[in-house]
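First the structure, which I've put down as structure tokens, then a few questions once you've had a look.
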Amino acid sequence: MQKANIGHARSYGADEITARTKALFNQVFEADASVYFVFNGTGANVLSISAATQSYNAILCADTSHIYNDESSAPETFTGCRFFPLPANSEGKIEPVTIRERLIRSGDVHYAQTKLISITQSTEYGTLYTPAEIKAIAELAHENGMYLHVDGSRFFNAAAALDCSLADISSKAGVDILSLGGTKAGMMFGEAVVVFNKDLNQHIAYKHKQIMQLASKTRFIAVQFEAMLHNELWRQTAQHANKMAQLLHSVLHKYAQVKVTKPVQANAVFAEIPAAWYEPLQEHFPFYIWKDSTHEVRLMCAFDTTEEDIIAFDNAIAGLQR
Amino acid sequence: MQKANIGHARSYGADEITARTKALFNQVFEADASVYFVFNGTGANVLSISAATQSYNAILCADTSHIYNDESSAPETFTGCRFFPLPANSEGKIEPVTIRERLIRSGDVHYAQTKLISITQSTEYGTLYTPAEIKAIAELAHENGMYLHVDGSRFFNAAAALDCSLADISSKAGVDILSLGGTKAGMMFGEAVVVFNKDLNQHIAYKHKQIMQLASKTRFIAVQFEAMLHNELWRQTAQHANKMAQLLHSVLHKYAQVKVTKPVQANAVFAEIPAAWYEPLQEHFPFYIWKDSTHEVRLMCAFDTTEEDIIAFDNAIAGLQR
Amino acid sequence: MQKANIGHARSYGADEITARTKALFNQVFEADASVYFVFNGTGANVLSISAATQSYNAILCADTSHIYNDESSAPETFTGCRFFPLPANSEGKIEPVTIRERLIRSGDVHYAQTKLISITQSTEYGTLYTPAEIKAIAELAHENGMYLHVDGSRFFNAAAALDCSLADISSKAGVDILSLGGTKAGMMFGEAVVVFNKDLNQHIAYKHKQIMQLASKTRFIAVQFEAMLHNELWRQTAQHANKMAQLLHSVLHKYAQVKVTKPVQANAVFAEIPAAWYEPLQEHFPFYIWKDSTHEVRLMCAFDTTEEDIIAFDNAIAGLQR
Amino acid sequence: MQKANIGHARSYGADEITARTKALFNQVFEADASVYFVFNGTGANVLSISAATQSYNAILCADTSHIYNDESSAPETFTGCRFFPLPANSEGKIEPVTIRERLIRSGDVHYAQTKLISITQSTEYGTLYTPAEIKAIAELAHENGMYLHVDGSRFFNAAAALDCSLADISSKAGVDILSLGGTKAGMMFGEAVVVFNKDLNQHIAYKHKQIMQLASKTRFIAVQFEAMLHNELWRQTAQHANKMAQLLHSVLHKYAQVKVTKPVQANAVFAEIPAAWYEPLQEHFPFYIWKDSTHEVRLMCAFDTTEEDIIAFDNAIAGLQR
């Protein structure tokens, strides 16, 4: 980033670094895509929705999804659209059969018209949609005049875990528009919206500004993505985080009081632990209580989680047992 | 209405008929209420929501509700709020236990803050909330800093079926704001929003105009409500419609191919019928196909449904059997 | 309207009266138009804007216009768009040269993109755009990728005063979409949005419902328009109102203390009168104080204004002079 | 910023750096203020407006203001409010007398209710509101039940030029809410909304998230503000930029073809230059063409503008003259 801070540069994305990084996106995603840099994940998701909808449209998403539970009512306020949450399966994924049941009343003006499906990769449960699963949903969407959006705040972790390219689970799988996360992957700030379906380019540049997500000094976001995409740096850091999650999983396995509740596929571990452990553990290891009624917690591993961190966590639990 | 059409009158609700009718509302609802006349049911519901919420709020309603399934995305577009649909029970009602499960994350800025519960009376299944059931929900709402809205597009049918006063299932049961239906009760057009909780008066007069529901010739709506409320005319017409639904129920009972699916409590009858009957019956008796997969249809009786209509329907079915 | 109240009818505009009236619109407007019946003038204007814009667009209108001064913030709340008010000339009209000055920064994402021009016919000053003037503005709009909307809440008065057909100042003059007023022309309620440019049909049926302007019993609006359009009934009532305005003008001319301030071309008379007259006159003749600083009032003549009304007004002024 | 990047930290503003910086704001602004860090200037302005308004409100601002001309329709889309632009005087400021003329129709539901005045400091013309001028506007606002917002994207330049404290032109002058610019002052990204009037705290934390301006890694914005506010670093950099503008002014003065058009009070110089100079000058010195019809350009000096830059600009002009 210090490189980006030297010398004068044109503002609002008209600089060289930004242009260069956008070209890199096209190469990495093996597509003639459009790229819009934004500040945060909610901004990326709302920009994606706004590019794909009119205000009388509806969005289908998992009832567990971040976009439905953790972004206030930002999408409704900005786009006017309605959400129809679909029951996620035990792995936190929505299945084509569930989507199909909601494909009703097309053309009925009294019913908010379904236009977009949004899935999360990796999911809120830390699980993965395979390329084939994404393709199936994309086809279902397209057959019904709808678009497919992927909320990819942990997209790098997903590609690393699936051992595939970024294109395999986006452009090549029929995804129309992608929120690509940078912050959780280690960037100071910044996400990107990547548009694969050219239909969605019609309004997006105007909406980008309108939803307050156009940075005057775009180069500071671009340069971080450039570093991340160059030589697949993202894969190293994501693989590391995923590996730490596996390590954590094996540590938890030792304790009879702990029950791992979801498949550990990327960088998240979900587990039921004794409620009495919350306070002493959170003192040193902040984590999110996913479901208070069953004492299920979410433990996230990141690019900067170390083996020492995991060992310390193990020791902390061991200490609680005595 | 012809009376209202004679002579000059002040516009936008500042006329005598409107004033007189508002006073009549207070008497009938046994409360110091505010009344806003609107054009249609969606307008009434959106005005009610807008009076009770800020744009970062969420609304709880039954997943079967009209407000969630049949009013396009009007509430979101106008108020910016999110809906959290709750599973209705087998009678189409939402239960306190179901509401309580969604009373989470109060004060968490990432989560759309639940501020309003909306129930429908009579429900989309033609069933009834008793005064005690409404009170229980109202108390739950108020204990949690929320408001209770009733979508009463068939409110007169409900009060007639429950053999209670309009106040018993609104002001006296803790309802904060009510959409009172006129159109389905026989009016040419017009509904009313009745505000019982004075907190909700702060912005509503401005929102009334802003959502395009302020009629310049308000007296034409007021005069219809005056006729409806005077000497409880509403009760006669609603009782008649409810009675016709019972008659229809007993007619359907004769046919082995027909299965009545919901309790018949007000003016609606839900029944599974052979799909082959749709077309010949709908030629003379327009009805709504509620659930295509099970061939469930909704048969509504209205103020102007006659015994002859029911007999003709009976004959039509009989004719199909030969 | 009593005719429309007999028998059962399909709801939400699917009835025969509505179909027949829509056909009549096409005949009268000499165009293959789409017609949407709405409840009031603000609803008509907001529906028109919503059909022609995306949320990042801007609308040009006269700074004196009803849409800018008298419809709360309904257009912004529903469409998200910005208004750029243009200075009206001394006759309350906006001129092409004034419009041209605002045709700036096309394609600049930081600037709300101008997409719609809205003019009022007859204007807020009771003056008229000639067919040629409308054509000039329509051409300017179309050359710049914009649409032309006419707020015609007094459209019948305008056509009567210009002694032209309804088509001459709409379809034949290049107007893309028209708000056609019914309420001020004597209807109990109801306005119509008439779409001439087929581009604007893409979303409008959905928006019609979404902005809460779709009546379930549409036939009650349709039947009033049918009566109004049949044999040009509108022309008789509008000519009468316009004639009463001329009579009023000649009456006011007699009084030295009164200064008529705008050309009297349709059914409005603007005049500066002594402030001391406000109260005694308004007791019997409600009128609007247009500009308090100069004691300018607006006197509107309607379909039901009689010569006796004007004479009584004359006498009332005469009485004030003694 | 490298300091902020070391070690783990709580997200969404719950970290120590953020807490420390907020305390520093209170000290510097000599007030018990609330501080919300946001990503960019449009975000700061929209958050400020949303904290002070309901959707039926209107905002008064200069017709030259950034908020009205350069932020797309973001404020309308998010808040639903209307703008009433006021004519700026020759110095780009709005005067109390102009504001007073728009304080009309309070309580009239047909008129968007004016609730907020927004001024820019330094103005779009690079001029300054004195503390006394701000106080006068604040008093006018408060007497009429309105709030005063300052768009301070160049607030540091203003305070440096006025040789006063930040408090003198905000908390001590009656300002209710301030958008404090960081990006133009040299930060990589980040602005702050500073709330002085506690009434505006009611909803703002929720709106902060809802408008997509809550950074998960808030500390990276906070740490930049901490550096800027510590020991008044801002004053040095702003004084430098202002001094460069004076130097530029004196350079331009030498050329007969150049006419400086606005008082040079902060870091902007407005001048009419020959149109033929645009291209050769812009090759090395990007500037904005303010008004094409009069060839007026805006030349901004920044924290990193050097005397060498000014000399080079001088030489470039000299070269064009030969």
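Order of writing sets the chain letters: A, B, C and D. Residues in each chain are counted from 1.
The rule is short, and it goes like this: a residue touches a chain if its C-beta (ideal position, glycine included) is under 8 Å from a C-beta of that chain, and two chains touch if they have at least 3 such contacts.
Nothing here was measured: the structure is a model prediction, and the numbers come from that model.
Asks: Going by the touch criterion stated earlier, list every chain that contacts subunit A and also contacts subunit B.
Replies: C, D
Asks: By mean C-alpha coordinates, which chain is most distant from subunit D?
Replies: B
Asks: Averaging over Cα atoms per chain, report the distance between subunit A and subunit D in Å.
Replies: Averaging C-alpha atoms per chain gives centres 34 Å apart.
Asks: With centres defined as the mean C-alpha position, give me the subunit C-subunit D separation in Å.
Replies: Averaging C-alpha atoms per chain gives centres 40 Å apart.
Asks: I'd like to verify one number: the distance from the centre of subunit A to the centre of subunit C, where each centre is the average of its C-alpha atoms, in whole angstrom.
Replies: Chain centroid spacing, subunit A to subunit C, equals 49 Å.
Asks: What positions in subunit B touch 2 or more of the other chains?
Replies: Expected reply: 55-56, 71-73, 77, 80, 109-110, 206, 209-210, 214.
Asks: Which word fits how the chains touch one another: line, ring, star, complete or other?
Replies: Shape = complete; every chain linked to every other.
Asks: Contact residues on subunit A for subunit D in the complex?
Replies: The contact residues of subunit A facing subunit D are 1, 5, 8, 10, 39-43, 46, 71-74, 77-78, 183, 188-189, 206, 209-217, 220, 286, 304.
Asks: Subunit A touches which residues of subunit C in the complex?
Replies: So the residues of subunit C in touch with subunit A come to 12, 54-56, 109-110, 113, 203, 205-210, 214.
Asks: Okay, in this complex, where on subunit B does subunit A touch?
Replies: 55-58, 69-73, 76-77, 80-83, 85, 109-112
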